[in-house]
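Dropping the structures in below, format is structure tokens.
Shared chain: subunit A. Partners: subunit B in the first complex, subunit C in the second.
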Partner chain A sequence: MTTHPYSPWRQRSRRLRIFGRRYAESPTGVIGAVIFGTIVLMAIAAPLLSPQDPYDMMVLNLMDSRLSPGEVGSAGFVHVLGTDDQGRDIWSMILYGLRISLSVGLGAGGISFALGGFVGIFAAYRGGRIDAIIMRLVDFQLSFPAILVALVLLAALGSGIDKVVIALVTVQWAYFARTARSAALVERQKDYIAGAKSLGLSESRTILGHLLPNSLPAIMVIAAIQVANAILLEATLSFLGLGLSVTEPSLGMVISNGFQHILSGRYWMTVYPGIALVLTVLSLNLIGDRLREMLDPRGQS
Partner chain B sequence: MTLFIVRRLLQGVFVIVAMSVVVFVGIYLIGNPVDILINPQASIELKQATIERLGLDLPLPLQYFRFVAGALQGDLGQSYVYSVSAFSLIGTALPATLELAFSGLFIALVIGIPLGMWAGYRPNHWSSKVIMGFSILGFSLPTFWVGLMMILVFSVELGILPSGGRGDTVSVLGVEFSFLTLDGLSHLVLPAFNLALFKLGLVIRLVRASMQETLKQDYIRFARAKGLRERDVVGVHAFRNILLPLTTVIGLEFGSLVAFAVVTETIFAWPGMGRLIINSIGVLDRPVIVAYLMMTAVIFVIINLIVDIAYSFLDPRVRMEGNN
Partner chain C sequence: MIGAEQDDPGRPMISTDAARPPVLEVSDLVTTFGVGNRRVVAVDSVSFTVQRGEIMAIVGESGSGKSVTGLSIMGLVDPPGKVVSGTIRVDGVTLDRKNEAALRHIRGNKLAMIFQDPMMTLNPVLKISRQMTEAITAHDRHVSHKQARQRACDALALVGIPSPEERLDGYPHELSGGMRQRVSIATALLNHPSVIIADEPTTALDVTIQSQILYEIERICQTHGTALVWITHDMSVVANLAHNVIVMYAGRVVESGPVREVLEHPLHPYTRGLIDSVPDIDVRKGRLTPIPGMTPQLLDLPPGCKFAPRCPLRVAQCDVEPPLTTRPDGRRVRCVRPLDTGASA
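Now for the complex of A and B:
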């Protein structure tokens, strides 16, 4: 049996292709997507791309500590970006650090997306008092800077990957809720929602099956930027010593580790991990910027 | 006008009360104060005595009441590390943080407003595209990493600026300031620029957007039709209307500068409240943490109030709304 020409699957893939073609009209958008894609692949393939596992005590040699970029260590391979004070290869530390930074950022971003998106759409669908209460909460939350909220939480909860994710979600759900609500408010006015209601569809089915998919594009735009912010905030918190524990070395912690050596001029311990962090965040921001341009009709000029 | 201010004051009080509840719940309930406050090796009798002395066995509403009563008298407990009142400890660190935050804001505005106005005035010129690219970079650069790079370049490699501390200060009305001495100023430059960079991208984008909005207005066309010089059209008529949205954002962003000074102060060993709070969290000096958070909440409320009042002076429509 052949696929029906109007099957939802065919339509979706066609829409995806059109979307891709429009996205590619902007060179900066493409650059962002390419850089981010490369970084994700490098993080996934970290064990293959790095000459050593920097967190395996057995392969570390203190003789190799503080080698500058390009020197050959005792294991016989070149430390392209140098080593840190414990003889760990900086290039390998960056690759393994990316894994943790990306998973924390994407994980926290994903949870905030789901939680904030649902709360926002629910508020828009229900309206009235529930909407007012939720939006008051959102406004209250957004009136405090992210770093302050995260400080309060981590001061109370202690450090660790789960606590950092809790802090990031607490900071970010409100952004998603606000965006989702405003998108859903527009969608709610449209005829197909009235149609769904008149068909007698249940509330949950109307929200999940109709309101949510149509409000999704607007939420996707801020998702890219919020993941970038999550990665940045986690790095900052880890740098301050409030974020992840030492057994979960994200890029922020690698940089924090190199901070002690900066006055002695060992620049490679902070410069290179920092460049990796900047490229990750910058590429996500470029993607987010392009998505916003595409969605915002005023951006067509 | 009075009614307007009173209403905003009441909202401010509500925010402070809400913050006190959040802090109380956060520190007293989620973290176990008994574990934090009492040496785990202490004898059971000693533990019991300490719990009773600190009132940790009382019902929660009563504990909260004691906490608020203390806070109202400026008593948020003694720092475990410094053995002085937590409130006064924060108080002595506050001027350094405010000096840093004001300097950062000043730099962000002095650089950001002209660049943003130009980018809004000539949105398609190549230089505007460079400016906008720079502003995205400003969003993406981790402030703490830029701070490290500044130390690396200006202190380690070039050796022209100090890497940390406040330098010589001058006491004005009992408060120490760095920016009045040459040595202090040289210590202030790097941290202030570091903090400014954090807000520069935002200021540029905001000014650019309101510039583009403003140039479409009728009064700009009238001003041009009247034969005014382009310099006056932009510098006087457009500029004034850009200030309006900028005021609100400046107010809100100043609060976030105070909060974000935590990072800059840690890097440049600037002795403000940010560095104090990070050290206090490290050693679980709970009264200082609570005092910092309450102090920041109060600063936020004061800033918001000032912004609202300034706004109502700049835009009469807001004032009218308050009267009805």
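Now for the complex of A and C:
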């Protein structure tokens, strides 16, 4: 059978291409996407790109500690970005740290997206008392500083990647819920929702099949920003020593480790991991800005 | 054009045979909306019956409660609105407003609805096939995907959509307004409903498309014996399409009866006002006669007859709201001094 001109696969790929072309109209958006894409690839390929596994105690040599960028260590390779006080290669630590930071950020962002998005859409669909209760809960949640909530939770739960994700989701679901609700409130007024109901569709089918897909774009915009925030918050927590355990060092912990040496002039232990963190967060924000621009009808030419 | 003079033999008479129960029976329907801590009555004790195959028009200005009446019948009034009382019987079965599952079973199955704006009634992100087959599978889980698709395809062909097979795989934005409205109508027809409630389905379309759609709907209702409740503000559509008409004002029925009689000899001054504000090409009136004033705010209704402040014929008795009285010929009117009582004016 030849490909039918209306085949679903073609439709989808065509719509993706149109989306991609529109996205690429903004240079900053492209820069953000390229940087973020490179960072993700680097994190995935960390074992290939790094000269040393910084968490393998067997390959570490204390003689190599506090080497400045460009010096050659005892293992015979150049430490491009120097080493820390335990002789770990900073470049390798950044790559491995990115893996943890990105997975925590994307994981927490993804769970908050699903949870907050669903709660928000449900609130908008139901309206009335349920909506009021959910939204007061959101207001309550948002009235506390994120870092405070996360600190309290981690103090209670202990450290570990799963606990950090729980803390981040607790902090972030409310942002998603609020955005999803306002998007869904607008969509709900449209006739196609009444149309779906008039066909006798069940509530879950109306919400999942009709309300959700149309509210999704607005939620996706804040998703990019919230993943960036999750990464930042996790770095902050790790910097304060409350986030991940030492066996799962994220960028925040790498920065924290080097921080004690910054006054003695060994800037590289903090500055380079810091740059990696900034680039990650910045690129995500650029992507988020571009998505928002594209979805804002006033900005369309 | 109020087609009162022209005789059209194509329109079959609807037998008001008492032996057959009406397909839709609305009695004493009251729907209110909460505004602040007050409740505003949007539909006040509306009653009417629709026979099998009958086309019933509900006319009124914006805010007269005609759309809310339609939504109330469907059970689709969203909070803060609420159907407070009244019974709705479809095919002799009383709808239980509290039983959402039972309502869902009726909706889209025995009762279908067509909405005003075809640009808005189709979900922009879903393919037409998905939106149509969903309406079938929601009521019959045993239908295979292929069968559902075939039924959707047949329905599209029935409403006059060319190459329906290809349209099924398209998205709503690929269709024109008229085509989209045809898709909505086809979707409403999928489960062979007993009653279709159409809320100004042609208002958003241009006139040529409008008459095509009117023609298709009339034809389909005739062949399937589907009853149609046509909500509109357009008197000319009423004249050309409906068998019977209900005129609503401020949430109340002010007049009802067979369309010919109501249009030729309106009983209520408001009905006459509506008719006079439609241009008529056969009679060269110098100017159209608009109804003075605005529809009253539902929050601030006059105490007596709701139309009295705008009525050219008001008298002292109008300070007390007149009841809706049924006349010997079956027509109903809510006026202390109905026009045209027997001897024509």
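Keep in mind that, in the parts below, the second predicted complex is superposed on the first by the 298 of 301 C-alpha atoms of A that agree within 3 Å, B and C clash if a C-alpha of one lies under 4 Å from a C-alpha of the other, contacts with A are read in each partner's own complex, and residues count from 1 in each chain.
As a convention for this text, a residue touches a chain if its C-beta (ideal position, glycine included) is under 8 Å from a C-beta of that chain, and two chains touch if they have at least 3 such contacts.
Just so you know, these numbers come straight off a predicted model, no measurement behind them.
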Self-check item: Side-by-side fit of subunit B and subunit C on subunit A, or clash
Solution: fit
Practice problem: Report for A:192: first if it touches subunit B alone, second if subunit C alone, otherwise both or neither. | Solution: second
Exercise. Considering only touches as defined above, state whether A:152 meets subunit B (first), subunit C (second), both or neither.
Key: first
Practice problem: Look at A:72 in the shared chain and tell me whether it touches subunit B only, subunit C only, both, or neither; answer first, second, both or neither. | Solution: neither
Quiz item: Does subunit B (first) or subunit C (second) touch A:246, or do both, or does neither?
Solution: neither
Practice problem: Using the touch definition from the top, say if A:213 reaches subunit B (first), subunit C (second), both or neither. | Solution: second
Quiz item: For A:16, is the partner it touches subunit B (first), subunit C (second), both, or none of the two (neither)?
Solution: neither
Quiz item: Which partner, once the models are overlaid, touches more of subunit A's residues, subunit C or subunit B?
Solution: B
Quiz item: When the two complexes are placed on top of each other via chain A, what is the minimal CA separation of subunit B and subunit C in Å?
Solution: 13
Quiz prompt | Contact set on subunit A toward subunit B in their complex | solution = 140, 143-145, 147-148, 151-158, 228, 232, 235-236, 239-242, 252, 255, 259, 262-263, 265, 267, 270-271, 274, 277-278, 281-282, 285-286, 289
Quiz item: Touching subunit A in the complex: which residues of subunit B?
Solution: 15, 18, 22-23, 26-27, 30-31, 136-137, 139-145, 148-149, 151-152, 155-157, 163, 252, 255-256, 259-260, 262-263, 266-267, 277-278, 281-282, 289, 293, 296, 300, 304
Exercise. Provide the residue numbers of subunit A that touch subunit C in the complex, in ascending order.
Key: 4-8, 11, 127-128, 190-192, 194-202, 205, 209-210, 213-214
Practice problem: Using the touch rule from the top, collect the residues of subunit C that touch subunit A in their complex. | Solution: 71, 74, 76, 78-79, 104-109, 112-113, 115-117, 120-127, 134-135, 138-139, 166, 169-171, 184, 187
